[in-house]
Amino acid sequence: MTAINPAQPNRAKPAPDRTILLVLFFVVTSALLLASHNQNVLNGSLGGVLRNPILEAVVVSLFLANVLFAYLWKAAPWARALVGIGSLILVLPMAGREDTSLLDLSIQILIFSALALGLNIVVGLAGLLDLGYVAFFAVGAYTWGIFASPRLSSILKYYGENPGATNAATLAFGLFLVVVTAASMIYMRRMSNKTAPTRLSSWAFGLASFGLLAGLILTVRAIAVLGASQAAGLATGIDSNFFWLFLALSIMAAAIVGVLIGLPVLKLKGDYLAIITLGLGEVIRVLANNLDLYTAGSQGITPIKSAAVPWFNSLAGFLGFSEDQYYLLFLYVLVLVVVGVILLVNVRLDRSRIGRAWIAIRDDEVAAQAMGVPLVQTKLIAFATGASFAGVMGMIFAAKQTFISPESFNLFQSIGVLSMVILGGMGSFPGVILGATVVTLLNLRILPGLGEASANVAWIPQQVNPGQLQRLVFGVILVTIMLLRPEGLLPNKRRVLELHHDENQEDDSAEGNAGALGTGTGDVYSPGKAPIKENDRSGGAK
Amino acid sequence: MPEAATLHKTPTTTEMLALTDVHTYYGHIHALKGISMTVNEGEIVALIGGNGAGKTTTLRTVSGMMKPKHGTLTYQGQNAAGIPAHVIMGRGMSHVPEGRRIFPQLTVRENLEVGGYTVLDKALIEQRIQEGFGFFPRLKEREHQLGGTMSGGEQQMLAIARALMVNPKLLLLDEPSMGLSPLFVEAIFDIIVKLNRERGMTILLVEQNANMALEVAHRAYVMQTGEIKLSGKASDIAQDESVRKAYLGDE
Amino acid sequence: QTTIKIATLSPLSGGQSDLGTQIRNGATLAVNEYKAQFKKLGFDLSLTPYDDQADPATGTAAARKIAADRQILAVVGTLNSGVAIPSSAALVASHVAMVSPANTNNLVTDRGLSNMNRIVARDDAQGPAGANFIISTLKGKKVYILNDKTAYGEGLAAEVEKTLKSKGVAVAANEGTEEKSDFSSIIAKIKLQKPDVIYFGGIYNQVGVFVKQLRESGVATPIVGGDGLDSTQIATIAGKGATNIFYTTVSAPPESLPAAKTLAALYQKTFNAPVQGFGVFGYDAAKVVLQGVLAAARANGNKAPSRIQVESAIRKGSFTGLLSGNVSFNSVGDRKSATIYVMSIMDQQYKLSTTVAVKPVKQ
Amino acid sequence: MDLATLLPFLVNVIVGGLVLGFVYAIIALGYTMVYGVLQLINFAHSEVFVTGAVVGFEVFRVLAPNPMNGYLKLLIALLSAMLISGGLNVLIERLAYRPLRNAPKLVPLITAIGVSLILQDVLRVIEGFQGRFDLTYTLPDAFGVKFCAAESSCVGAGNFLRTIGVDLQVKDVILIVVALVSLTVLNYVVNRTRLGKAIRAVAQDRVTAGLMGIDSNLMISATFLIGGALGGISGVLYGMKVGTLNAYSGFEPGLVAFTAAVLGGIGSIPGAVLGGLLIGVIQKLVSVMSVLGDLVGSKNLATIDDSYSKMGAFVVLVLILIFKPTGLLGKSNTEKV
Amino acid sequence: MTAPVSRNGVSSSNILEVQNVTKIFGGLTAVNDVTMNIPDRSIISVIGPNGAGKTTFFNMITGIYTPTKGTIRLAGREMVGLRPDQVVEAGIARTFQNIRLFSTMSSEENIMVGRHARLKSGFIDAVLHTKKFHASEAEAREAARVMLDFVGLSKWRNELATNLPYGDQRKLEIARALATTPKLVLLDEPAAGMNPRETEDLKALIRRIRDDLGVTVCLIEHDMRLVMTLSEYITVLDYGSKISEGLPHQVRNDPRVMEAYLGRGAAAGEYGKEATPNA
């Protein structure tokens, strides 16, 4: 390295306008997608080639890249809008009409995008490492699953047969308890903002929350007992028109669980938090596996309803979808809208007082608090917001699968979502969506495709058949991407700035001595400036 | 301190450290723009300059924490550019870094022991620990306190004592007086002078407290925005109008 | 030439791939066998294997891919009931018939889906069969039941418990456990309770470890299980401890089927591994599918049949020439007369102990 | 149920928990050491540990026909497992973590997960080529593994404590001894030796450690070597204890062990041991809760079966951390402001 | 000053009253029974040898540590037991001896975080972009602009805080603290690492904080030139206890202070005027 000139900042030359390329790409990939999922074409001479699972996976991936390019490339706004909207609203459903697996895949991708966006708030923005995120997903799924399936009538039947001492008075008492305790909690909360908490006040608060819980249980129980007579009428669960109400309820339920889990544990730092959330995630799964009456335990709940939207169905029918595809198409559109809303919420929160507070906490908890940011409250908001996204997606997942069992909510899911966030670029919204897309595509299309395509190839020994080496391939991809792009596929701008040094120092740190200056995050210390890593040590997930 | 100058043993003219046209970067930031300087054996050399001038960067480059992109750097006649810090330190150099950088979870004593990592003789380590306690009695009082819970000034004392554990030939001091009470600032300068006079220790001193630094130093370099603006005998520099205006707070 | 495909859906990677691969391989052999016959009718027959990783969500995704490939007329699979339930639901709308060589859970067919069939007995037959074996052969008076907390194991254990209780046998516990490695506390409890039979509703890899540790700690009590134990691995895992074990299974041991000899040899030759029960049943299930397709094609004037035609041909047809006997299904897809095989393992040797013919309640 | 039957029962349960706890403790140390220097949850440690178990399996398998002393075989198994697991761990660090030294700390966490997935399949393929999936340990006779037709025939050799009703086998005793020795050695190395201090210094501030003449990369490698070697030991011990495992078996015990490390206070060696033992015992106690439930006639307690045992451990973890946020023996890192 | 940040202090005589506070760490009494009052709109200093307990004293006032004993009142309101963020809301802001800026944020954003406690818009406002949201964002941005101007860092507005030169980072910390619209601001060694020239600028800045913003300033410093020329009142701590207090010249000439803290320089009259370098 003799360059006297420092590596010039790779000052991006103004990107060339790629409108034409974009539109061209869109047209080609759409045509490919439609062709490769069209029976007539498939039955034709090209069919053999197009059917190749690997090729198919590639076509799907390329097609989805449309949306990415529409976002990334410099092109005329109309073209970007056309490609983005066209891909998602027009071409994809059309191809999905022929091949529902595309819809299933897209829904799955969008579900994971939403989960990743939610986890991104918790991990990427607020810096809280949560390894039990899937718990909230489960809460949402079961909230809808229990009510929109035969489970409901089983529960009611049970209470009908075992009313205990429950009657209308219980209901009244339960409600009374709820109102009183909730009111007193709110009052105490107000107070505590003004005056210093004492031991007495925190005990009182604990007592009140306990009372609230008891009240809720009593109320629900009483309702169940009193409603037992309805059991027969609800044999397949509540009316699917309740879907919309439950969309809100699942958000709330997950957020409440988020707060309940968060309250005791958010004082913990970094990896202590990680392991405890992991544990609580497992607790929720084990509970789901054991509370047979409510969750049907390991047997799982099925069939679960979806929404009934007559006008949508007739629209879908008009568009040539068959009846059994209505609900998938509906869920696809719904999930698209919901992800859009979530994205909007994310962006808006990020650029708000709360978003700044999250990042401040992530950067330096002590300083953040000393600047007037209430730690627990701010973290709780992050936790609950992330949880609520997971909750609503859980519900959509339940409706899509029509079957849920605790198996779907294990630790691997949490880790998977985390890897989506990091892979895509922590803190970057388009990044985590891309991360979710890549990982889901890999898991549901590309890797299985590899397996299917190679299954009948005689010369590959069974032991090293790619189909059986999915973990290995996935692992290799994960490691490779992270080594090549530690900041993620579509990094956050903030992150890029932060990593700026390292990237450029790489060249002169061949021996690793200069690079070592930035311990951990690549910040370099200044005189008397707290080495940021020191907080990281005890926590501060970054 | 009128006596300070007379205390000095006459330094030799053997080069201990030499930088020629050294360029160092933080990413794109060009922090050192071609620095040349020498430190002779037995000398105290002061390096002064405003915030962000590149003093710390110079020390970091010398001690191997950073690699110069261009230029030569020799220490005791051997190339030292781009050699990792732990190797250079093994050759009898010691660095009191900016910001003290105490090991927060090690006790005061353990910090000192780690400071003497390259010393293999246990008795010698113990002897030097006691010596450090002699310089800074507060450290002895707090022998088993965790480094991280010490006050700012206490940490500074610990950082200096830690650097002395290897009885270095060349000592790099980055703002040793920062955060110290006036009493201790004087003590520190006394120690610097003493080390130099009694042990012949060569010292490269970065200081904001330029008045005192120039008092104890033989020679001095003045830095500004990554370049050396002025160099010469410390006493001459101390008289220089522009220096007095820019760094010594004279109106 | 029209291409006709059938698919397999079973775990090909992960911890249960041993059994899942057997199913795929068995089906492969059947397809090879029928290729010529299809050729004559002008069809290219091929098999596409799909991997469900024993995971419901992965299975559903694969099922939808199957649904999308219109050349696929039917599916052999799955291994796990937990996967079968959502996958069949995903396939029912497109009328892709499924024939399972392994799913025993009641709910698999109890939902009354038009496409879901199985050529094995149900847990409400397997459970009682196990229970009856405990009562009549082992003369158990007090039984300690364990289950693995999966849809399969817990469901089966519940059936066993129900039967035992109804016949007045004491059930010391029906304990769920996800433990895979250290069973010391469960063993301590067993020692405390001193049951004369232990029933474990679970899969061989877990039960094997349990058996080994149980035997090591000196408990010789007979252990009974279900088709989850149907793997040669159990003897490998439990080693010398693999003795005094009994299990009911729904897939016949190859040795017990005289007709299976040729298949066993072919299997060994093709895949360089011994065939096991699920290999045989994978083969049989594929044959059911293939015969169903042929029948549908014939009914369709020797043209490629539609899925819906295949679906009903399978449900309504009767199939012969199978290794495990003739097959026909009742209205919900249960095999009208299935056999449950009771196997014993003594000193690491597997032996067929008895067979029980069972019929689903619905005919 | 009377005390005379209940007491040995409880003793057995607790002893079982302790033995398992020792294995957790050693695995936990592998996590804690690496976490200490890099603040990285080394997800790949569970596979490093399984690698040790596989090596142990192979050694015992290959040496099975050999008439040499059983303890010698064990020694060979332990040493080779230490070597291979330690080497593997160093290699992993070199390839997957070192290039990411300056990246945000969750990035190496993800590569760790990736490495873990890779290793699982690699191990599976290696054994798979020999037609094996589940690996069953063939232990030397000296370890007293004996299958007994009846309880009474088990009394005596190899199960010497059984006479007094305690279910402790020779291999369990071996396990405890090996564990205690490794823990003592490790504790000495980390707290008393120059190497140990250097490692701790690197853990806290790599750059400054360099200024003390410490080669931080070397120390990090040393840490991974020690951590990996501990993983190797724990793998062999685990294999002996459980008897059978496969390439995917590392995840669960790895997770529990990491929990143990957190419970004890991450970074603390005695903490990891305490945490391991505690989690071992708690799991077992939760597992037998139903017996106590039956005893006191509580219907709710009686329904708590073994499937709650891991959850029980987590609940205890939550409770402890709420009151002691840095784990039982963790230094409360009151950061000086 | 413009509206968002200026505040006319209530003219009670003491803005802060600290009574008999003690802080014990394990066996170590870091602060021992210290009583101190800070008059409104004054500039006062706390000095003392290293480890005397000055920073600990600040930490107690700002709620980072809870005193083992004693009371702290801001304009009559008890502060002990409040969380640090509640203390900020009550009107005390601070800087740190070790600079603690938010490293991934620009200068502007750093200051906007400082404004956090004074903004009223919440979650719903942010999501729905209500009027309140826009108003509070505008307010935060304006506060940042004003504060950057005030400390003279406007040119760094969009620069990452970590990339600023050291002296500017200290100023940014001050600006961030001032953005909370405090009644009282505590500065912990603001001049550390600055040369005499830069210290002069800082002195002017501190004066303006009091004069233009009407904020009471309490600072810890070892730079006696700064302390003696700036403070209206000085409290001296040693080994946790108050050993002296008074006007600068009183403290400077207190023999106990000289012995414990100032050293021979004080006698030579070095502080307060320029020192003559030895040629």
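Order as written gives the chain letters A, B, C, D and E; numbering starts at 1 within each chain.
Note that in this section a contact is a pair of C-beta atoms (placed from the backbone, for glycine too) under 8 Å apart; a residue touches a chain by one contact, two chains touch by 3 or more.
For each chain, UniProt lists the protein as follows: A, D = Branched-chain amino acid ABC transporter permease; B, E = ABC transporter ATP-binding protein.
Being a predicted model, the structure only gives us computed values, none of them experimental.
With centres computed from Cα atoms alone, the innermost chain of the structure is A. Taking the mean of C-alpha positions as each chain's centre, the chain lying farthest from the centre of chain B is C. Separation between the centroids of chain A and chain C, computed from CA atoms only, is 35 Å. The mean-CA centres of chain A and chain E are about 43 angstrom from one another, to the nearest whole unit. For the pair chain B and chain C, the distance between C-alpha centroids works out to 77 Å. Within chain D, residues 204-205, 207, 210, 216, 307, 310, 333, 335, 337 each touch two or more of the remaining chains. Contacts with at least two other chains are made by residues 149, 176 of chain C.
Across the assembly, chain A contributes 289-290, 366, 370, 462, 468-469, 471, 495, 505, 512-513, 516-517, 521, 524, 526-529, 531, 534 as residues in contact with two or more other chains. Of all the residues in chain D, the ones that touch chain B in their complex are 194, 197-198, 200-201, 203-205, 207-216, 331, 333-336. Note for the complex: chain A touches chain C at residues 37, 39, 42, 47, 51, 98-105, 108, 289-290, 297-300, 302-303, 322-325, 401-403, 405, 407-408, 443-444, 448, 451-452, 455-456, 462, 467-471. For chain A in complex with chain D, the residues that touch the partner chain are 123, 129, 264-265, 267-272, 274-276, 278-280, 282-283, 286-287, 289-290, 366, 370, 411, 415, 418-419, 422-423, 426, 461-464, 468-469, 471-472, 474-479, 482-483, 486-487, 495, 499, 502, 505, 512-513, 515-522, 531, 533-538, 541-542. Residue ranges of chain C in contact with chain D, taken from their complex: 14-15, 18, 149, 173, 175-182, 184-189, 191-192, 205, 208-209, 212-213, 215-220, 233, 236-241, 243, 273. Those residues of chain B that touch chain D in the complex are listed here as 63-65, 84-87, 89-90, 94-95, 97, 101, 103-106, 110, 113-115, 117-118, 146, 148-150, 162, 166.
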